Structure formats: C-alpha cells, structure tokens
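Note that the chains take the letters A, B, C and D in the order they are written out, and that residue 1 is the start of every chain.
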Amino acid sequence: MSHTTKDKKKLLSRIRRIKGQSEAIERALEGEGECEEILQLVASCRGALNGLMAELIEGHLRFHVLDPSQNTSPSQLEAADELMAVVKRYLN
Amino acid sequence: MSHTTKDKKKLLSRIRRIKGQSEAIERALEGEGECEEILQLVASCRGALNGLMAELIEGHLRFHVLDPSQNTSPSQLEAADELMAVVKRYLN
Amino acid sequence: MSHTTKDKKKLLSRIRRIKGQSEAIERALEGEGECEEILQLVASCRGALNGLMAELIEGHLRFHVLDPSQNTSPSQLEAADELMAVVKRYLN
Amino acid sequence: MSHTTKDKKKLLSRIRRIKGQSEAIERALEGEGECEEILQLVASCRGALNGLMAELIEGHLRFHVLDPSQNTSPSQLEAADELMAVVKRYLN
C-alpha cells in the first residue's frame, strides 16, 4: 500500500481546501475584487499547495526511498528528518 | 478600472485551469494513483498558480504602482520591465 | 544618484557577510565537516542572498520604477508597499 | 567516508565560484554599478548556490538516507531519482 493510500484522508482534506481556495479566487476575480485581496488569496493557495507538496515528498521519502519492509538504521531515519527540514525550508 | 477588471477574462481562464488541476489531483488521490504521478500534478498546479501570481503582480505594478493616468517616463517603464524579469525568475 | 549608491554602505555590509558565509562553507568542505552542518551553512547563505535581493528590488522599485523627482500619490506608495510584501513572501 | 568528502573537489569548485561571484557583487557595489547589472549578478549567484544545495541534498539522499553498504532495491533508487527531480524543480 502506498503512502498516498495510507494518508489518503489527510491528503484529500488538503486538496479540497486548495480547491476551495481556487474557487474563492475565481469568485473574487468575477466580483472584480481588489487586486491586493486577490494577491493575498493566491499567496495563501500557493502556501497550501506547498504544504501538500511537502507532505507528498515526505511520504515518498519514507515509503518509497526508504523501504518500510526493510531494516532502516536510526542514522538513516535521522538523515531523512534532516532532508525534510531542508525541503520544508525551501517549499514556502 | 482596475487591471483585475481589464484582464478579467485572461485571469479567469487561468484560475479555472488551476481549479481543474486541483480537481485532477483530488481524483488521483481518490483513485489511489501513483505517488510520482500525483507529485507531477501538484508541481504543474503550482506552476500554473505562479503564472497567475506573476500576471497579478505585473498588473499591480503597471496599474497601481505606476499610474496610467500620469506621465510615466521611458526609463520608468524600462525599470518596471526589469523588475518583472527578476520576479518571474523567482516565481517558479 | 542611484539607490545602490545611496544605500551603498548597507548593501556592502550585506554582501560582505555573504562573502564571509561562502568562505565558511569553503572551510567546512575543506575540513570535511558534517553534511548536515554544511547544508545549514548553505541555507543561511541563501537566506542572506535573498535578503540582499529583496533590498535591491525595493530600491529598484522606489527609485527607478517610481521616480522620486516626480509627484507620487499615496495610493502609488501603498501599492509599492503591497508589492514588496508579496516579493518578500516569495524570496525565502 | 561522507559524500562531502567523496565529492569534495567538485563541491569546492562550486563554492569557490560562488565566492568569486560574491566578490564581483561587492566590486559592482563599490564601483556604484548599475542596479540592473547588480540584480543580475545576485540572481546568478543565487542560481549557483541553489546548484550547490541540490548537489549536497543529492549526496545526503544517496549516502545518508540510503545506505550504500546495504542492499538498495531498484525501486528505491528510482524513488530517489524522482525525489531529486522534484527538489531540483523547486530549487531555482
């Protein structure tokens, strides 16, 4: 079973929030909202998408790069944590 | 009239594409698609969102920071072009 | 006089710090330091470079896109502030 | 032996180029060069730093998250390649 299956509920809730945000941007554009307000909505949507991306990357790292059915040493797990810390720092 | 009104059709077409992409991500998650495929869909959606952001920033720069009802010198317009080139280089 | 002249002292102090950080990375690589430590040094250096970039962009916006010798309306100044807030959010 | 030792020569050559680029920015600021030119120099330096970062992350992934002394399956190696493709797409 893939991590996208295991975390399905959490990931679906993230993407549905993103879909809702894109609908809010659509409504703001249709309603000819303020440019500044629309910029903020787009920035928030991008933040949510980066959050989803970070979660997918983390699952990919822990379930596909590392193999949960094999012995993984503590130093490998620590290295994976360090990698995720760097990735999250960039994904924003 | 704001640039988000002037460019409304173009901006709406961008956000509708983004909404469609977020629906494709939702379907892929629901259908338990491959992690790699989902990562690609999210990366494409983020690219489309960055494109929308760049277009909003450009409108903001040309219609709000610069004032179309005033005289704007060629060197100011050139400076705005240079600024947009830098912003686009970062927004990806 | 350009903003890079006006802000020369502040900008020079930023780039000298960046040069110092790149020398620290060089020493860490020569001394075969820990990968994790080197990743942190590179991330900090990139943060400092983004800070320099944001300052250059802000100067460019206020001194070249806007023209300090002309009348700039409060709403244009506000729009410039909003643009910088968005740019800084992305430059990290 | 760490990957930062194994790839020492290549990594050192990257950081020395970055140091040279930061010196060029310093000279341009001291010589009161054009803002546009300085923005370009900073953008290039940031690109080089991102290249160094990507190389460090790749080494970290292949030598610390994965353990070269253990059996790594082809699907794990493929997952590592996919992860690096995503990381490089973001690091620019």
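One rule holds in what follows: a residue touches a chain if its C-beta (ideal position, glycine included) is under 8 Å from a C-beta of that chain, and two chains touch if they have at least 3 such contacts.
The chain list, named the UniProt way, goes like this: A, B, C, D = DNA-binding FrmR family transcriptional regulator.
Computed from a prediction, not measured in an experiment: that's the story for all the values here.
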| item | value |
| --- | --- |
| Comparison of C-D and A-C (more C-beta pairs in contact) | C-D |
| Chain copies touching (subunit B, subunit C) - same or different residues, decided at half shared | same |
| Gap in Å, rounded to a whole number, between the CA centres of subunit C and subunit A | 27 |
| For subunit B paired with subunit C, centre-to-centre distance based on mean C-alpha positions, whole Å | 23 |
| Whole-Å gap between the CA centroids of subunit C and subunit D | 19 |
| Contacts with two or more other chains, residues of subunit C listed in rising order | 36, 39, 43, 53, 57, 60, 64, 82, 86 |
| Topology of the chain contact graph, where touching chains are joined (line, ring, star, complete, other) | complete |
| Touching residues on subunit B, where the partner in the complex is subunit C | 53, 57, 60-61, 64-67, 70, 73, 75-76, 79-80, 82-83, 86-87, 90-91 |
| Contacting residues of subunit C [partner subunit D, same complex] | 2-5, 8, 11-12, 15-16, 18-19, 22-23, 25-26, 29-30, 32-36, 38-39, 42-43, 45-46, 49-50, 52-53, 56-57, 59-60, 63-64 |
| Subunit A partner contacts - residues on subunit C that touch it in the complex | 36, 39, 43, 82, 86, 89, 92 |
